[in-house]
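Below: a set of structures, written as structure tokens.
The same subunit A turns up in both complexes below, where it pairs with subunit B and then with subunit C.
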Partner chain A sequence: MRHTARILLIGAFGAMLAAWAHADENVQLIEQKIKAGLIYNFLKYTQWPLGSRQITGPIVVCMLGGDAFDGNLQPIAGRTVNERAIELHEVASAAEAAPCALLVVNSARQSDWPQLKTALANQSIMTVSDFDGFATQGGMIEFTHEDNRVGVTINADAVATAHLVVQDRLLKLASAVRSGGSGP
Partner chain B sequence: MRAPNLSIRGMLLLTVGGLTALIALFAAYDVYENGRRLVRIESLRDASVLGDQIFDAVDKLAVERDVALSMLQSTDKDVIQDLKPRLLETRKAADLAMAATVEGLKRYAFAELVDLRDRSLKRLAAIKALRAQVDRDAGLAKAARDHALPGKWSGEVSALIADTDGLWVAFLKHFTDIDPIVSQHLRIKHLLREIIEYSGRERSQIGQLITENVGPTPAQVAALLRGKGAIDLSWQMSRVIAEQSGLYKSIAPAFVDARSHYDTMHEMIQDMFYVPGARHGAAYPISVALWFELSTEASDSLAALRDATIREARKYTDNLMAASRASIVFWAAVLAAALALCAYSFWVIVRRVINPINRMIEALLAAARGETVQFDVGEGRDDEIGKLGDVLHAFHTNAEEIKTAATKLERSESRLRAVVDHTIDGMITIDATGAIISFNPACEGLFGYGAEEAIGQDVRMLVPENEQAVLNAYFLSSIETASGYGEVPPSRELHGRRKNGTIVPIELTLSPYRFDGRQKFSAIIRDITRRKEAEHELAQHTRALERSNKELDDFAYIASHDLKEPLRGIHNHSRFLLEDNGEKLDEESVGRLSRLVFLSQRMERLVNDLLYFSRLGRQELAIQPTDVVGVVTDIESTLELFLSEHNAKIVVGTELPKIVCDKTRVTELFRNLITNAVKYNDAPEKVVEVGWKAAHPTMEGATARNVFYVKDNGRGIDREFHTEIFRIFKRLQAASEKEEGTGVGLTFVKKIVERHGGRIWLESELGKGTTFYFTLEATRDERDSDAQAAA
Partner chain C sequence: MPQRQRLTERGFGARYALLGTSVAFCLAIVAPARAEDDVDPFSLSPEQLFDATVMSVSKKDETVATSPAAVFVLTNEDIKRSGATSIPEALRLVPGVQVARTGNAGWAISVRGFNNGLANKLLVLIDGREVYDALFSGVYWDIQDTPLADVERIEVIRGPGASLWGANAVNGVINVITKSAASTQGTLLSVTAGNEERDIVTGRFGAKTDNVSWRLYAKYFDRDAQETSQGTGAHDDWHALRGGFRADWDEDSSGNRFTLQGDVYSSDTAGIRSVPELTPPYAVTIQDDISARGGNVLARWTRDLDEGASLSVQAYVDLLSREQFSLDNDRSVFDIEAQYNLPSLGAHEIITGLHYRYSREELTASPIITFTNSTRDDQLISGFIQDKITLEPKRWFLTLGSKFEHNDYSGFEMQPSARLQWQGDGQMAWGAVSRAVRTPSMLEHNLNAVTGVIPPGVFPVPVSVELTPSPGFDSEELIAYELGYRRELTQGLQMDLAAFFNDYDKLATYTLAPSFVDSPPLHLVLPIVTTNDTKGETYGFELVLNWRAADNLNLSAAYSLLEIDLHGPPSDQAIASEAGEGQSPEQQFNLRALWDVTNKLAFDTTLYYVDALPSLGIDSYWRYDTRLGWHVADGVELELVGQDLFDDAHPEFGGTQIQRSIYARMTWRS
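And then the complex of A and B:
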């Protein structure tokens, strides 16, 4: 009995050490999950313009430049928001993004953003990314990281330009920026 | 025991009434049941509304709790300032909802509710006391706040929420057996309430951890896990029950939305509390404000689901009530229609069936009483009543005819019975075995038996034993006759035996007849006692007469025969005296002797005639076929000299028939009549006509047939002598020597006619001649039968 208990104690300690070693990964994981949840909420808080293709059928969430969430966004596929089913697509180019209601731009594609932005102009697609300066560069929602906390910055101009309406409740919680400069 | 009599009308009324009552009862029961159900559903709906109100109050409390907690845990003055109006707003809403709940519960007098309500009210009072503290602390710097307050606040409000929840359960359990679907709906609501409550607690708990920036204690982890388990289970259960109760279809979008939202939120934060290193850099990776905002939003999704559920469930109860109301209206209409239909049916049946039948019965009763009735019920109708009316009419007509016929028959029968009853002859009817069927009063008088005694007895009891064989034979021959063999046997003379054993002579006539296919006999029995006596008397008289006649004939014969001898002696002696001593005697003596001789000769003729007459009566007739023409011709030739002397002639007036008779006597008959016709005739030229007539009236005016006649043209005979002249030795004219004759001729004629069974009469007037008519009737049948034999 005692022998067995000792083995268990050693096993548990080993496991704690291993967990500690993976702490960074865990932080990453938790943040990705928070971001995934926020994306669900963005879908809920946003109204797409009447007449746009985004207002009918399933609501399509697109990921450009690969999955920025390591699969953690996958669970929302098949769920509903505002009584519309959510579909999750991976797209390679702006051309493929036409049916998207929300486009997550992988930070790895940061360099392509100006072109993408141009390509997506005049389309009612909410753009989301987490690289620094996304919102100021004309992106609509940027995940920020301040004091170890996930934050949200919104470029209201970009949102308005795309004829999207984001509820005040979200805006209140987010930092606001304008394209080409820092927030007020 | 007889079943109680019930008229058709009564039975119909009973049946229709019973059926109506049954339908009415059924419909009324349904109406009552639906009414009751409606009341129950209404109460259920009211209870549901109140239950929803309770939930609403609970939710409001939860929101107040969470908003207050957010303020207490926040250090950001702006955030606190922002939340303050919301706190006041939710506080007010919570108070109103609680007040409404308490007010609503007052309507229900369930004992346990009162306790729960009082407890809830106490907690509410305590919460109200804490509110002031919350307001004060929220305005202070973090360090100055009461660190225990959030926990105390949260605990108190959560306890009130739990109590109110309990109130809901306790209240609604009184309504769970009204409708299974509604009960399911209540369960769904309760499960949703569980989800809302546990997710609220989770949100509150997590918010607190984030605010305090501490790791969860094992107890907190356990509570979170329990909540999570309860929520997951509630999601599953509520979906299953919603699908079963049919509610899911209408709430599915809200349901999926709420669940999606909840699941996403839960996945978003769950790792922060169970995975090491979540508070990277001594902080949770999400701000409390963001958390509260996101989790409140998730609560809104749940609230939307709750509202959808309440709405749809309410729709169901409303439909249920509408259905019950429709059912009540429908069954009330059915009830009214059934009653109306029954009343109408009854009215129609009474008017179209029972009344006509009653009128028929009345008419039949009147007809039975013998009154004159008119069978016009159902006239012109083509249905059963019409046909019945026709049939009754036909029957009535038939009955009238039968009645008339029966009256006639009765009269005829009574007439016949009167004849039978009053006839002096006995009349009985007998069956084939000889049993007496009927026995009339004359029979009763004759035999001394009453009809009731005699009927059924053997008819042979009415004759003495020694004559029963005769009676049997008579019956047998009658049966043969009835069977078509033999002739109808004539009446029989038998003897009857009376009840007292005396014997009476009877004449019995049996007549066989068939009645109802059976052989029967009618017998007429006549008492012939008097006839027998008369016959006996007659026979005695006849015998006496015969004896007397014979004696007379014998006397005449003996007398005439014996007289001849002495008469011959007188004649001979007288003649001898004349011849021998004529010369010796004087002339006068000779004259006297001659006279003596003449008279003795005459005497001898008289005696001979008398002898002949007696022979006529005694000798049998020698009957033979005779030609009357030949007879007359013979007479004519025999009398030729006599006729020429008297200047007379015989004329045969008509054709004379051939007859059967004693030719010798008939010849004598004709000769006598012809000689008389010549002898007693003064005419210078004497004519005698002989003839025959088929018919001629007699002296009495009757009509005789086959009449011969002998007619002369002589002096005629006075009417007063028309009978006299047939008497023996009767001569109408004074005896003259010139006219020879003894006066027996017509006596012989009459005797011969009578021996032949005929009769003789005459027609004569003085100076106009005489005609003798006679018949030989007795010979006619013999002539006919001989003529047939000759043929």
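And then the complex of A and C:
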């Protein structure tokens, strides 16, 4: 009898635990969707320099080296941000990237990054990738893994050099690095 | 007597705690899981996105969800949160795998039965390197180690993997995969201290130079001895030192990737051994010092070709020098393999491969083991071809394959398999028929081992029982029939069921041969030859439930049922030909809860049950492990782990009792 009571007690405790755990209201999404959402927010909370190509017409998001989002970034096309329509393009080279406001570099093109970076210099293009060390190698926004959350590392130097202004709301959430050599 | 009483109570406590957990688990399943997949990510605030947890569509799930085989993956996080401090200990979580610690530095590990310290129907790979030893076709578990923090995942395939994998993948394959050098950048220092894990110190440093990511590691451990069945010290203290490196070159513009890695190690342990002798007292107990030194270097080159084709070539050298009372052996292996994935041919995805392995064993005799030749060079050459045929796009697939092998023991072997796979929405089913063989080893063909001496009594002179060389021993054969079904029952609740029927023929049998008289001293020799006279069937299933109950709570359960039915010669013709029936647990299960109490504090518990092993007189046992992990500060983690908390000590396979272990581990990362 005592044992039965104990089982019920432990069971009830377990149920309470489960219920309590459920009360937590975090969102759970696949990784690419979280990243897609963050890209939208970067468009929303970044100011491109007056007089740049990126300030007029539709705001162009580009993917270089193929779709790194398994299609999850596609729905961004046709949406608006700050009353501007968003277009999504796939580009093959830095030359084609000139109209892009934001360029996602597929991690498969990691080895091309140094050349790409040089070719993109002096343009107001926000660069985004998820390969290890992207931000320390002059990239602006690097997606990282933090346990089972998506993190962002921002290279504030690279952002400033491109005359982009990212609002504090995002900066506070991200971790920052400076442009450096190749090591960590 | 009071001691016994307490043990019984503890047993009951364990049982009811388990029931309670099961009840909680069942209740939890009834609760609705939250569906968040239809959330529009563009409508979320940056704060919500940064706080969102990643729903797993990791490599693990892709592999597991789409493989037409019984696959289970232990991720780096699974291993860490299990509290396991070695590769064999981590395998306790895997359904269908029998893990029994035979001593401080020894494990008997098998998949779907036939477990013993020399278990030989399993293939173990570490980063593509086959770590079985051709001496006995088994694995020396005491030398298979690496910093667990650098292990990306361990994939375990139950059932024959023979058509793709190397020799010995009869009952299963265990594939340990370490992280790339790019994902182990920076410094890691980890220090463990406990009653059994006296100290484990691991250091790793990773960096990138030009286009090469690399890491170096060193690891030292010192483990306290276990105890004998009498409760006295087992004198099997164990310490080992190892170091290694890995370098990965970035993929170049033509799609070439290159990896170079290697390890060196030194391990020292001991044990108490009873050595048979022909003179009174006919057996003496000695301390057996066991030392192993070795190293390996592996290079792998992969190139992406046009139209989805790819080519990879891997080669390694693996050296081992092992000394123990029974036998000293020096083993050298050179192994090279090439795999070519053909360009896509419509409905056909074809993979072919070639494999060559050279091994040399140099043995030094001991008072109990001698051999027909002290050096043996063996060559193994094999090839495989596999075609995955899409019968109906995204629905039906048929995979046909075969491995063709030539080895120096049993000659030509063919190991074909056919797998049919059906893919539905959130579910899949598969079935497979495969043939696999376990090829003979030096143990059967070349070794003469004195297994015991019967003192004079029944016979007027001592009787020496000897396992003698059996060059006529042929491969053991298996035809395996498997069925599997996986389904996402509700959001976050996955089920994986795999059932099998294995039909074995020509299993190794210790057959008695005519005795003869030998001297000096005058004694009778009772020779045993290894023959292929046992048949058998095994059948059963493994069920895994995994439920992401909430962002911060993961519950899982794994149950394994294994029935073994052997048909060997009677005891007047062979020794214990059917003993294998009682050397693997009939039932095993584990229940696990991983709970992130806060984002800095994790509390994990696992409860294991392992059935009795009647042939060895081992009782069933419960094991309760728990871990508390605390992120003290950025890059600093403190963990407290208790293993086998219910029990002071119990035997798992042989006479050695495995003791409760409590340790603390501090890890710094930067």
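In the analysis below, the second predicted complex is superposed on the first by the 151 of 184 C-alpha atoms of A that agree within 3 Å, B and C clash if a C-alpha of one lies under 4 Å from a C-alpha of the other, contacts with A are read in each partner's own complex, and residues count from 1 in each chain.
One rule holds for everything that comes next: a contact is a pair of C-beta atoms (placed from the backbone, for glycine too) under 8 Å apart; a residue touches a chain by one contact, two chains touch by 3 or more.
Given the structure is predicted, the values throughout are model-derived calculations rather than measurements.
By the touch criterion defined above, A:Glu83 lies against subunit B but remains apart from subunit C after alignment on the C-alpha atoms of chain A.
Set side by side, subunit B and subunit C differ in how many residues of subunit A they touch, and the one touching more is C.
Judged by the touch definition given at the top, the superposed model places A:Asp112 against subunit C, while subunit B stays out of reach. Contacts of A:Ala36 after superposition: both subunit B and subunit C are touched.
Taken together, the two complexes place residues 19, 22, 24, 26-27, 29-31, 33-34, 36-38, 40-41, 45, 75-76, 79, 147-152, 169-170, 173 of subunit A in contact with subunit B and also with subunit C. Within the complex formed with subunit B, the subunit A residues making contact are 16, 19-20, 22-24, 26-27, 29-31, 33-34, 36-38, 40-41, 44-45, 75-76, 79-83, 86, 147-152, 169-170, 172-173. Within the complex formed with subunit C, the subunit A residues making contact are 3, 6-11, 13-15, 17-19, 21-22, 24, 26-31, 33-34, 36-38, 40-41, 45, 72, 75-76, 79, 108, 110-112, 131-133, 145, 147-152, 169-170, 173, 182-184. Those residues of subunit C lying in contact with subunit A across their complex are 12, 16-17, 19-21, 23-25, 27-28, 31, 34, 36-37, 39-42, 44-57, 182-183, 185-186, 207-211, 213, 250-253, 548-553, 595, 599.
The touching residues of subunit B, when paired with subunit A in their complex, are 82, 253-254, 256-257, 259-261, 263-265, 267-269, 271-272, 275-278, 280-287, 289-290, 293-294, 297.
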